Structures are given as C-alpha cells and as structure tokens.
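Labels run A, B, C, D, E and F following the written order; every chain starts at residue 1.
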C-alpha cells in the first residue's frame, strides 16, 4: 500500500470509519515508527512513565487514554481557522522507551530518543506521563536550539529541589534541574495558574531569584487572561519557546484524572484562549502531561488533554513549512 | 380515586413522600397515558432512542435517568417567580414508541405520535434520546403551526448532510433535514454555543447560506450572554418558536454523560440565564436531548437535564392559558 | 516520645512521609483525644452523622474521606500569606459521638461534646455530616458567646420548619431551630448562594421576617462577589461570627458527592475568594458539611471540602493568640 | 382504557416496547395503587427506607434500582417451567409509606400498610430497604396467619438485641423483635449462609436458645446445598412460611451494592437453587432486602435482587389460585 | 525495517516495552492491514458494531477495550503447554468495516470482508460487537467450508425470529438466520450455559425442532462440565467447527460489561476448562462477543474477553500448520 | 488516659462508636508507634509502596483502604472459634518508612524497620504495597529465625529474574532474590493458585530446580483444596513459616483492585478455607499484598484483603502466648 505523503499523514476519515473504530492513535493519525518517518513535520509521541510521581501515580497510562479520546478530534479548527494537516505532515510516532523501575536511566533514554526526533527535523508534540518527562525533551531541544524559553500552564511551579531526603528527580523538580543544567532560560520561563498551598513561604524564592515569571491563579483572575497573556508573549518574545501544559492547571472538575489536583483552577475555555494567544510565537515543541487515567476511567480528563494537544498541534503546524511530499 | 384536575396534575408532595420514594416520573408528576389526558396543557414525553448516534450510543437510556433525577425538582421557581403547576396542567405522558433497529420507520412513528399530542392541544416537552428525535417533533408541530423558528443550545450545528457514504438520518443531520423538509425556517434558526473542531472549513457553509444564525462559544464569551440573547430574541421575534437544548452545550464537567462531549462549554448558570431570557416568547414546545446515562451512572448530567427541563416547563407554562378543570 | 508542643501540633512532614502514607488525619495533624488536648488552639472534629437527611444519605462518611483527601494540603497559604500552624496549635480531635439511630439524643450528645471543647478554649473547625450537625455546635458556642452571627455558603436556606408531617430536626431545618432557640441572631445571619426550586413562594418568608439576609446565586452573579461580600462583612460586623460552608454551594461539577445537588452553583475559586474576604472578622468556629462520599468515591468533593477547611483554618488561626507552649 | 384483568396485570411486552423504554415498574408490571387493586393476587411493594442501618446507609434507594433492573426479567421461568402471570394477577403496588426521620412511627405505618394489603387477600412480595423492613411485614402477616415460619438467606442472623446503648430497632435486630413479639416462630426460623466475624462467642446463644436453626456458610459448603435445603424444608414443613432474602447472602462480587458485605458468600446460582427448592411450600410472602444502589451505581446488585424476586414470584404464584378475572 | 516473518508476527516483548506502553493491539501483536498480510495464519479482527442490540448498546466499543486489556496476555499457555506464536503467524488485522446507521448493508460488508480473509487462507479470530456480528463470519466461512458446526457459550440461544414487529436482524436472531440461510448446521449446533427467563415456553421449540443441542446452566451444574463437554465433542465430531463465546455466558460478577446480563452464569475457570476441552477439534474460526465497555469502564469484562481469546488462539494455532516464513 | 494493656490493645467497640466513625486504623485497633509498643504481641503494619510494579501501579494506596474497610471486621471468628484479641495484644503500628522514588534504599529501610519490630518480639502482620515488600520482611525475620518456609497464595510465582534489561528488584522477582539471599528456603516454599500465561515454557524452570513446590489453579481445581493443603502442611512441617497472600490469587471479580489480574482465580471462601487449614503451624508473620485502590475505588478488594488479614491474625494470635499485661 503506497500512499502519497499527503495521504500517508492524514487522520483516518470519520466519513468512512466511525470514530470508535480502528486502532487508537493520536488524532487518528497513522502510526509511523521513527525510522520510517520520512518528510514528517510533527511527530506526536507518548511517554508512558510516572516514576517521578511522589504521591498518586497513574500518568504512565496517560498516552493510551489520550489516544483513545483523541478520536473525537476533527481536522479543522474553526476558531483559529487552521487546518493543521494541510500545513504539516503529522504522525503518531508511538511511545518513547521507558523503564518504570529506573529513573535516571530512563531520563537518559528519553533524552536520546528525543534527540533523534529533533535531529530528523521533527517537531515533537508529546503526551505524558508525569511532569518529569519534560526534562529530557528540553535537553534534546536545547542541544539544537540552545537554552529555551518556556510557557508552563500548571498549578505548581515544579521548581522544588528534592524529595524524601535527597531524591533529585521527581515530578516536582524538573524545571529546577532544567535551569541548573542550562537547558531552560529562567528569564524566559513563564508559569501561569500557580495555586494551592505551599510547604513554606520560601518555596517560590529560588525561582524568583532566577528570574522566573510566576502568575498565580489569583493574579490571572484579577487582571484577566488577556493582560496576563500579553505579559507572557512579551516576556517570551521571538526566541525559541516550548509549551508545557500540565492538565492540573485545569480545575479538578474538568480534569479529575490527575495526580495532584488543586481546586480553583482554570476552565477549559480559559485554557484554550490562553494557548490560542500563543499564535505566532516561535514554538519548537509542546506537551500535555499528568493525565492519569486510573483517577478518571471515563476519560473526561483525557478528552481535555487530547483537545489541548489539538490546539497545540494547530500552533505548531503554523510554525513550520510543510515538508515537501 | 377521583381527583379534581388540579390535584390530578400536581407533582407528588415531598412533604409526604420522600423524594427517593415512589415511581420515577418526570417532576414526580402523575403518569397519564395520552388517551387519558383530558385537559392536559403540557405533556412531558420521553424518547428513548439513539439509533442516529454515529459514535457513542447511550442516550436511549436518557428518559429513565432524567425521570429519576427530576425527583429533585420542586414546585416553584424563585428566580422567575413562576409556579408552573398553577399555570398549566402537566403530566408525564410516558415514552414515545421507538424501535432501536429501525431508523426511518421510527421517525415516522414518532411523527405520528407527536401529531396526536399536538392535535390534542398539548404542548410537548421532551427528553431524548439523541438529537435526531427533534426532527419528528418539528414535523408534528409544523403541521399545525407551519415552519417553525428554533433556538438551539448546542456544541454542534447538526446541519451535516450525511454519514458513512449515504446515511441521511443521523444525530448530526436533523436540522438539515428539517430545513429541507420545510418544517424549520432557517432564517429563524439560532444556534448558540457551537465549538470544537470541524471536518473542514466548509462545514458551516450550507447553514450560513440558508440564513441560519450561528453563535460560537467564542463569540458568546467575547460579547457576553446578554448581548447574544438580545440578538436571538430579536431574530426569533414573535413567531412560533421551538427550544432544543442539547446537553452537550454544557462543558463536559457539568454534563459528562453525553455522546459527543466538547470541552470549553457553558456552565449551567449560563445556560439557565440564556433559557430564562426566552421568557415572553411564543414557545410551542421544547426538548432536552443527548443525556447518555452509561457515560454518567451517577446522574449529574441527568440532573442538569432535569433542571433545564424545569426551566423550560416554567416558560411553556406561561405560554398558555390553563385548561379549564 | 515527648514532643515539644510546637512539634506536637504540626502536620506530618511530606518531605519525609509521602502524602499517601500514614494514618489519615485532618491535614496530617496528630490525632489528640480531647482529654489530652493541652494548649490546643484549634481542634478539628469530624461529625459522622447524617440522620437528618431527608433524601440521599451518605454524609456520615464525610469525615473519613475529608481526612483522606486533606493529605494533599500543605502548611503555607501563599494567597493569604498565612502559616496557620505557626499561629495556632492545631490537632485532629477525632470524631464526635453519634448514634445513627437516634436524632434528638445525638443532638444533645453533640451539644455536650462541643461544650467541652469550647470550655477548654478550643476553637472548633468541623467536618460533617449533614447540615443538622451545625445546630449543636451553635448551641455550644452560644453558651459561651451568646447569640452568634453566621455566614452560610449554601444552595439552600435550611430554614424550613418541618418534614413529613412533624419531624422538626432535619438537615433542612437547623437554622430555624437555632433562631427559635436563640443561639443564632437572625439579623446577623447571611446566606449566600441560594438557588434551585422551592416548595412554594412562601418558603423564604419566615426567614425574611426574622431579618435574615439572603443572597441568591443570581444576585451574586449580577452584582459580583466583591459587592456581596462587602455587604456580608458590613452586616456581620465585629460580633462573634460562625462560618458554615455547605459543600452544595458549589456547582455539582465541583462537588458531585453531596445529598441535594443544585446546578448553577459557585466555582471553587469563587468560594475561596468569598471565604478569604472574611479575613479579619471575629470568627469563633467554622464547619464544612454535606460531603457525601458514596456519591463521589473518587473524592473530588472531599478534596474541595478539605481545601475549604484549610482556608477556614488559616482565618481561624489569625483569630487567636497561639497558646503558650 | 378498560382492560380485561388478564391484560391489566401483564408485564409490558418486550416485543413492542424495548426493555429500556417506559416507566420503571417491578417486572414491567402495571402500577396499580392499592385502593384500585381489584382481583390482585400478588402485589409487589417497594419499601424505600433504611433508617435502621447502623453502618452504610443507601438501601432506601433500593426499590427504584430494582425496578429499573427488573426490566430485564421475562415472563416464563424455564428451569421451573412456570409462567407466573398466567397463574396469578400481579401488579406493582408502588412504595409503602415511610419517613426517613422516624423509626418507630414508620414501623407502625408499615405494619398498617401491609395489614391493608393482607386484608385484601394480596400476597406481598417486597423490595427493601434494610432488613428492619421485614419486621412490620411479619407483624401484618401474623395478624392473619399467626406466628410464621421463615427461611432467611443472609450473612447475618439479625438477632442482636440493641445497638449504641439502647437502640432496639435496627437492621440487626428485626428477628429478635419478631420473636419477642410472637409474630415469628423461632422453631420454624431457618437461617442459611451465616458467616463473617461476630462481636463475641455469645452472639448466637440467644437464637439457639430460642430454637432457631442456623446454617453457616461453612456448613453449607461442607454438606452441600441439597442436604441443607432438605433440612430446611423438613423444619419448615407445611406451615405458613415467609421467605426473606438478604442480598448480602451473596458474595460481594455478585452483590457489591449492600451495606454490610461479607466475603465468602453464595453464588447467584446457589441462591437460585436454594430458593427453587422451596417449591411446593406454603408461602405467604417474601422479600429481597439490603440492595443499596449508592454502592453499586451500575446495578449488578439490583439485577440479582430483581432476579431473585422473579424466582420468588414464580413460587408465590403457584401458592394461590388465580383470582377470577 | 525488514523483519523476518517469525519476528514480524510476534507480540511486542514485555521484557523491553512495559505492558502499558505502545499502541494497543490485540495481544500486542503487530497491526497488519489485510492487504499486507502475507503468510498470515491467524488474523485477529475487531468488529466495532452493535446496531443489532435491542436493549443496552455499547458493544461497538468492545474491540478497543479488549485490545487494551489484552496487553496483559503473555506468549505461553502453561496449562495447555502451547506457544501459539511458534505454531502460527498471528497479527491484528484491524477493525472490519461497519456503519452504525445501517444493519443489512453492514452485514453484507462484513460478509465480504471476512470472505476476503478466508480466501487468503487466514483463520479469523474476532472480537465483537454484539452477537449479530457472528452471522456474516459464518456466511464467509460457509462459502469455503459448507454448513458449519458451532459451539456457542452463551446465556441466550439467539434463535429468536424477530423483534418489534418485523425486525429480522438483531443480536437475538443471528443463529435463526444462519440456520435458515444454510450456513449453520443445526444438528451440529451446541449451545451451553442457557439460562434466565424466556418470553414463553415456546421460545426453545424452533431450535429443538431443528435439532439444536441445548445445555442449560442447570444441566451443566448437575452433570458437570466434563460430561457436558464430552457430549459436545461427540456431537461436533471431526467436522469444521466454529466457536462463539458470548461473554454473557459468564456470571455478571465476572463480566459486568455486557448488554444482557443474566445472573447464575459460569465462572471464568469453568469457561476456560470448557474451551480447553475443545482441543483437537477441527476449528476454523472463533469469536468473543458482547463485551460492552460503557457498562464496565474498569475493563474486567474485557480482560475476561481477551483471556478467552488467548485460549481460543492457542487452539486455533494448533489447527493449522505454520505458514512458511 | 492510662489504660490497662488489655484495654489498650482492643479494637474500638462498635456498640459505642459506629463502624464508619473514628479514625481508620487496622481492625479499629489503637494506633501505637513502634517506640511505644510495650507488651505488644502482634503489630499490624502498612507498607504503602509500589515502586516495584512493572505495569499498573496503585498498591501504594493499599494500606489506607484496607484500614478503612477493616472497620467491618469484628472481634470473634466463629468458624475458627478464636477471639484473637484475648489471645494476643494487637495494635496498628502505622506505616513503614518508604520512598516512592528509590527502590534499593527503601528495601534497606524496610529491612531495618522490620528488624526493629522483630527484635521487640512482635509478630508482624503487614498490608502492602506490591509484592516486593515481602522481601525485606523475610530478610528481617530470617535474621532471627534463619531461612524461612513460606506459603504463598498467588496467581504468579514472582520468581522471575529481572525486567527491562537488568532491573533486579520488581514485584515479579522478590522470591528469586529471597532464595538467592538465603532468607527463604526453596524446599519449604509452597505456591498455590498459579495461573495465566507465561513468557515462555522456561519460566518455571528455575524455581522447580530450586525445589519450590508449585500448585497451579488447575491442579487445585482437580485435586481439591483439602488435598492440596494437606500437601502444603506436610511440606512446611513444623518449621518457622511465613504466609504471604497476594490478593490476585482471587479471581478479579472478587478482587478487581489489583495490578496484574488473572481470570480463573479462587473464590474468597476457597481462600478462607485454605488459610484456615494452616491452623496449628509455626507461623512467624504474614502479609496481604497487591490491593490497589485506584482500580477499585469502592473497596471490595480491600474488604477481601482486610478479611484475609483477620483470618491470618487469628492464626498468628494462636501462635504465641499473650504478653503479660
């Protein structure tokens, strides 16, 4: 079966195959192993790994459920007027290699896997996994692009130093590590939606000292989404920017299936508007993390995750010329 | 046991029978078969049928769960200051006849059943079922009233033409059919809350060409509910108007039990305010559709559906003089 | 193991013991029986009792699930800049004595138990149970403080007179009884978030005649939270004030686990903002009631309840000098 | 609509109305209020009341869910070769009157209600409710028949004396009360399936002293169902006998929706065989109790309850000549 | 990536990729489209279609959930001492073409699809879908093999004639149609596990008159599995035989996720023993049907389905020489 | 509050405090930190840790849910005629120290913690956690008792060597490690209930070569529980013996909340009979592992776990003279 690339990289048509039918891939796109990914522009990758989770594990099952619910996505985004599959060749690259029993080794393996993706010129759009998975993605992207800017939608800063007396790699520490390793530029790190209790008043000090820009939910509520996003866009500027969307930035009513829920979060429409306001930025990759199916077997959280991935996909598709097909 | 009509058509009193007790009927109203419905003003009808569903079926079970949760409704609406049962004789007319294995035949049977209801001068308030059930209701009402205006709260326009290479009757096509059949006046069709991806940029073209008025969730969010509803009221005017409330207009957090959830939807309070702003219009019927219990066994979605039906019941009750009892 | 008081009354450290580990106590605080509670400032008490529930029971299981989910709370409230455990000695006092088969006797027993707490100078923060549990708390506090003011976040006024032909003590009647008994000052009773249908237009008449201040959800929506809370603060003034938070003031999407859900309620962030605006008032106790785990086994409702308790704990901690340790 | 009795008392035909359609009544039978129940042989009654529950309430919701799941029942029992609706006129008599806030008064009201049923010559088949509901049924039947024999399928003997220091009426005490009141003959009381821990070795002493026949699950497992049921049939003899089926006699895997689950119980097939072996006995009534929907929203327990009710209905139908129609 | 066939047709190794990782395919086998299926011996096919369901739909989602849960399967069956993937080249052929809005047309399309599979010499192992999907499989197999024998594990005979006044194709009628069409030999049709109520005593008459062999659950319980299976094996003999496993043959405790549950069914171990006793027969295909995920989001039913498919796969693998690779 | 030891170590009385009230501890026993555990005979310990889980994590939450459900346990075991709290002083020792981010370090910490328990002469009864937690318990006990015998109820042998290319410590490897380390005597290791697929025919070879005694579910089914347990008792003899009960030995219908479910398992009654047949053996400790609440929020699995712990507690209590109080 030889397909033209333009067909090869299109989602299964829902005019022919009902949405609940067929193998579950991201956005109903074809599954293409990395080694077969010719002319691919955007590769969607699952990272089924939650070994950095300090409380309620389960995000390792995220990619499967996000794939399942992403069957509800369609091809055209009317609010943005973007048809992403006409702008970019897209595919499901399958899951990245992981070992649930090994933290440091898996981080290294993921770094290597994403480096291969990046080297092929593919823009990665990833589905976690807990938030620690973003660290190796940043490492791989920074190898090519240098220290990155990042916009992070999240209830938590994930800038803590360590857990349980010395554990350095956890889902609450990735961006401390990323800044220390020089792959993330703290002056171009914008965090939006922070809320919930902290361990102590000093929790935010380290990040602030590095120059990280933090917007609490209270500040967003007071100043409004437009004002905050104007700030964010200004801070991030034209530099290479990564987008990380922790599903727990949403209120638990919209995303109950996550490990560290905090009440008082965003509505999905707020999240959509914030992400859409990143249009035109210089985006080099994105992820949606912390979808944890065991805490939401019905999949509402995964639907939110899949939809946010489609929003991000539309933006990423605009950021690159379509590979010749 | 001979009751005066005024008693005959009252809900079971919660001062005497606890809400969880007794048979489950809509609003705890008496169950009255159509042939026994003398002096009935408003008949609440279940349509347990979802054979038009292209993806996740289940709305066939909607009427039972809506009945169950409607036991939480009371008799007086303080925000509207309406006591509907003092304005109109109301009853549960039971379920309309359906065959899950037969689409066209069931549509014909439903048309006939609703024609009988309309001929008796009863205003129908219905609980679906998937959205295809609105088509035969419109047919029956249009026989009496001529082409109808309609306000549709929905994430989807349901104006598609066909599915799977030729299937014309599906829950995504009822209003295309209704316009083609002349029972729905496209210039008096207002759709509010549209969102989510589309198959292509052309999806909305047919409706727009017919004169359908579409308000996306983004437009509602930007302009505000009051402005949009003012437009809607102006467009619909004094003509005969039907109200169809697809439960998926609500965000999936508020209505997880539905077949085609789209994140970024209305809150219930927004929906209540929009419906209440229809007060004083010339309403000839209403429905709430797409409540799908298998995707929400706990019944939160059905509670939302039952409450919206009570809101609509209050409006319908004001639209007609109480039958002499 | 002899601890200094300052250590004795601290939550278990999540740096050492993961949040999911250890016995479930409120806020991970030590469990201290009342008779051993020396120098205790704030005692958190469970009231596992729902015998006043007229429809869907289950709130008897509330305290256990709230304890479980409160493990997600931390020590510092960044939005308020309060570290409650530095301001006050806090402990889990266990559950109050209850008999599910006996209403009046249990109310008497609870009154006695809370009187003992109050006599020891401990500020009670309670987790219900259905709303009837607030009555004995008010009785105990009024013995010391005289008739109390109260702010009530609730979908229902709970001012009804009786149920089922003569039952006077039910979860819809506590504040009628409290006003009749003289333990609650109706002129200093503020109710916020009322909504849903009523039995008749007269339902609110008694309360209004007593001078109760009622703010419906529609009024809050129209005037805004700041305006309403300014009114509330002015009405309550500097007098002794109790805070009761019925979890059903939240929309059922945020709090599905409750006995009498009403759509169209508050978001958690709205609730947080309202509670925070009580800062600086003269608070003598607080509770969160009507969390009903059987209707939300996943615990999202209990998480909301636990978080609101932490919000209230921060306010209560500011209201008293820390006991010398 | 005048029906011949034979039609009046038939279940809705599933050849015409799908099982999920129509109002939920027991076995899809017509709902006939007691005062309209002419020539009725067997009346199926719901008792939505669980105020005797000492731990996990919820059985008040049992009748509704049993009605819902009983739509899966059909008209003919092939293993017994019985068509119950040809042998007896059957109807759903609705729910008995209850007050969740009042124990003794409700027991009196239920006694009165069942007395009226019995006086009309109707054999009652009931759906609880917790096990305390059987006490008033026995009282009513004993008024007519004298002290009854009873076979009880149950994990617990329900012969305890009191709870919480003096509460005499609870779901663990009905048969102590029934024996004390003289409505139950302890020498003709057979209890099958007892298991689980006890409070003390003396728990069974009172019952044994009265002559109650107890068969533990271990004895049933060792001797086999046939041997045990042969004993039971011999003990009960030809006297008037009542059958009470506590759903917790089944293992929790088959009946998770119950208040006091005990592992190690019967399979449904074992239960069916035991009940069927009662064929030919002199049965005057039966019930299925302790189905608690909040602990099984999916309804598997209620399905088991509905099926056991159909088994019992077949036996009861054989016990009486069909009323002339 | 060129694989040797032997590698090409092996499941993903769980030594390398954790079970929860990677795309969900049947048994973790490679997904191979039919047109690329060279040297394939056994093709596993999903049929996501439940348009023949007369009551509770949902089996359309069965193939996805069975794929998901089949990740728990391993490569070697110790009780049978069979390594199926060493005996036969196996693959996931994806889902067969279906249209949820069209019954007869879909049956024709499925017949065609399975005919293509059979023509390629591939033994089909299928996952439904409701039981109507077996009809087109039998048609396709009978084209090659002539009228087939069949062993059916099921609570229901599925030999009814029609539903709702004339609907001939439903999940309760496939084997009536198959016998009428001559693709199923009624004298070699063995049905095991029949139970539950019937519409009338005549329900079984047609099948018996055709020579169908029916074993009720009661007969299996009385005579034992070995005796029944000895009969079955004798009846089926050496002729071409198809195996159809309706998941509702299991008790609902083991398989709650199905449309027509009947209590009193088999345990999984009984089912495994029955299926294993078919070893050595002349099997030409098999299926597992009626897994309905909406009624069991947790997937226990799908796990049972996946395991029974692995049992069947082992038997099918022994029935054919491995294609030269 | 000074209690006599006999009172200090008794469960909370359900005559006074309802089962759903009070803090959740194992069996409603007092929580006594290890350093305060004077004269304690049996210490119940939670091990909230699942970092050895290769597929579906969640057992870290096991101890909390087992504590919750153990409130349903009572004081006297009628089938064994044992009142364990009269034979031995028992307490809840809280949770052992764990770090979810660290495998080897946690195993060392657990070994140390259990060594302290054993040194104090306390018999440990533990609730996992995944099965890897048994390794450090065995290490601690073997320090005192030498290489232990063990009876293991389990679907899996847990004798694999490594996972994912080199990970030696996983929940599938503890007993390989224990044998290699010399803390477990393979000739006195009895495994009962093994079933499900294997990776290869060689999977069992290592264990068999060491002399491990394995009884598959098929062998148990064929020979009967009595015969198998007679073998087990003979093999284990009078030596020091540990009992480990993996909840997945039960069929998933009885224990859905576990990480590696395998259909075709034991019923709870079978498990109870097997455990009871260990009466009189020389037992030095026991555990119940692999209860995973996220896969069974309702807690049926935890109830089975709690009940099996009570069964084991009765046996352990008989194995030691009560500490002088």
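Assume contacts are C-beta pairs under 8 Å (C-beta built on N, C-alpha and C of every residue); 3 or more make two chains touch, one makes a residue touch a chain.
Since the model is a prediction, treat every value here as computed from it, not as a measurement.
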item	value
Those chains which touch subunit D and also touch subunit C	B, F
Contacts common to subunit D and subunit E (chain labels)	B, F
Pair joined by more contacting C-beta pairs (E-F or B-E)	E-F
Of all other chains, the one whose Cα centre sits farthest from subunit A	D
Chain at maximum distance from subunit E, centres defined as averaged CA atoms	C
Averaged-CA centre spacing for the pair subunit E and subunit A, given as whole angstrom	40
Centroid distance [mean C-alpha coordinates] between subunit F and subunit B, Å	55
Shared interface positions of subunit C, touching two or more other chains	18, 20, 54, 56, 60-61, 99-100, 163-165, 251, 253, 295, 298
Interchain contacts (touch definition) - all pairs	A-B, A-C, A-E, A-F, B-C, B-D, B-E, C-D, C-F, D-E, D-F, E-F
Complex contacts: residues of subunit A adjacent to subunit B	14-16, 18-20, 72-79, 81, 83, 251, 253-254, 267-269, 272-273, 298, 300, 303-304, 307, 310
Contacting residues of subunit E [partner subunit B, same complex]	50-54, 56-58, 60-61, 99-103, 163-165, 167, 169-170, 294-295
Subunit C-touching residues of subunit F, taken from the complex the two chains share	1, 17-18, 20-25, 31, 33, 35-36, 46, 48, 60-61, 63-64, 67-68, 92, 94-95, 97-100, 297-298
Touching residues (chain side subunit D, partner subunit F) in the complex	54-56, 163-165, 195-201, 203-204, 216-218, 221, 251-253, 256, 260-265, 295-296
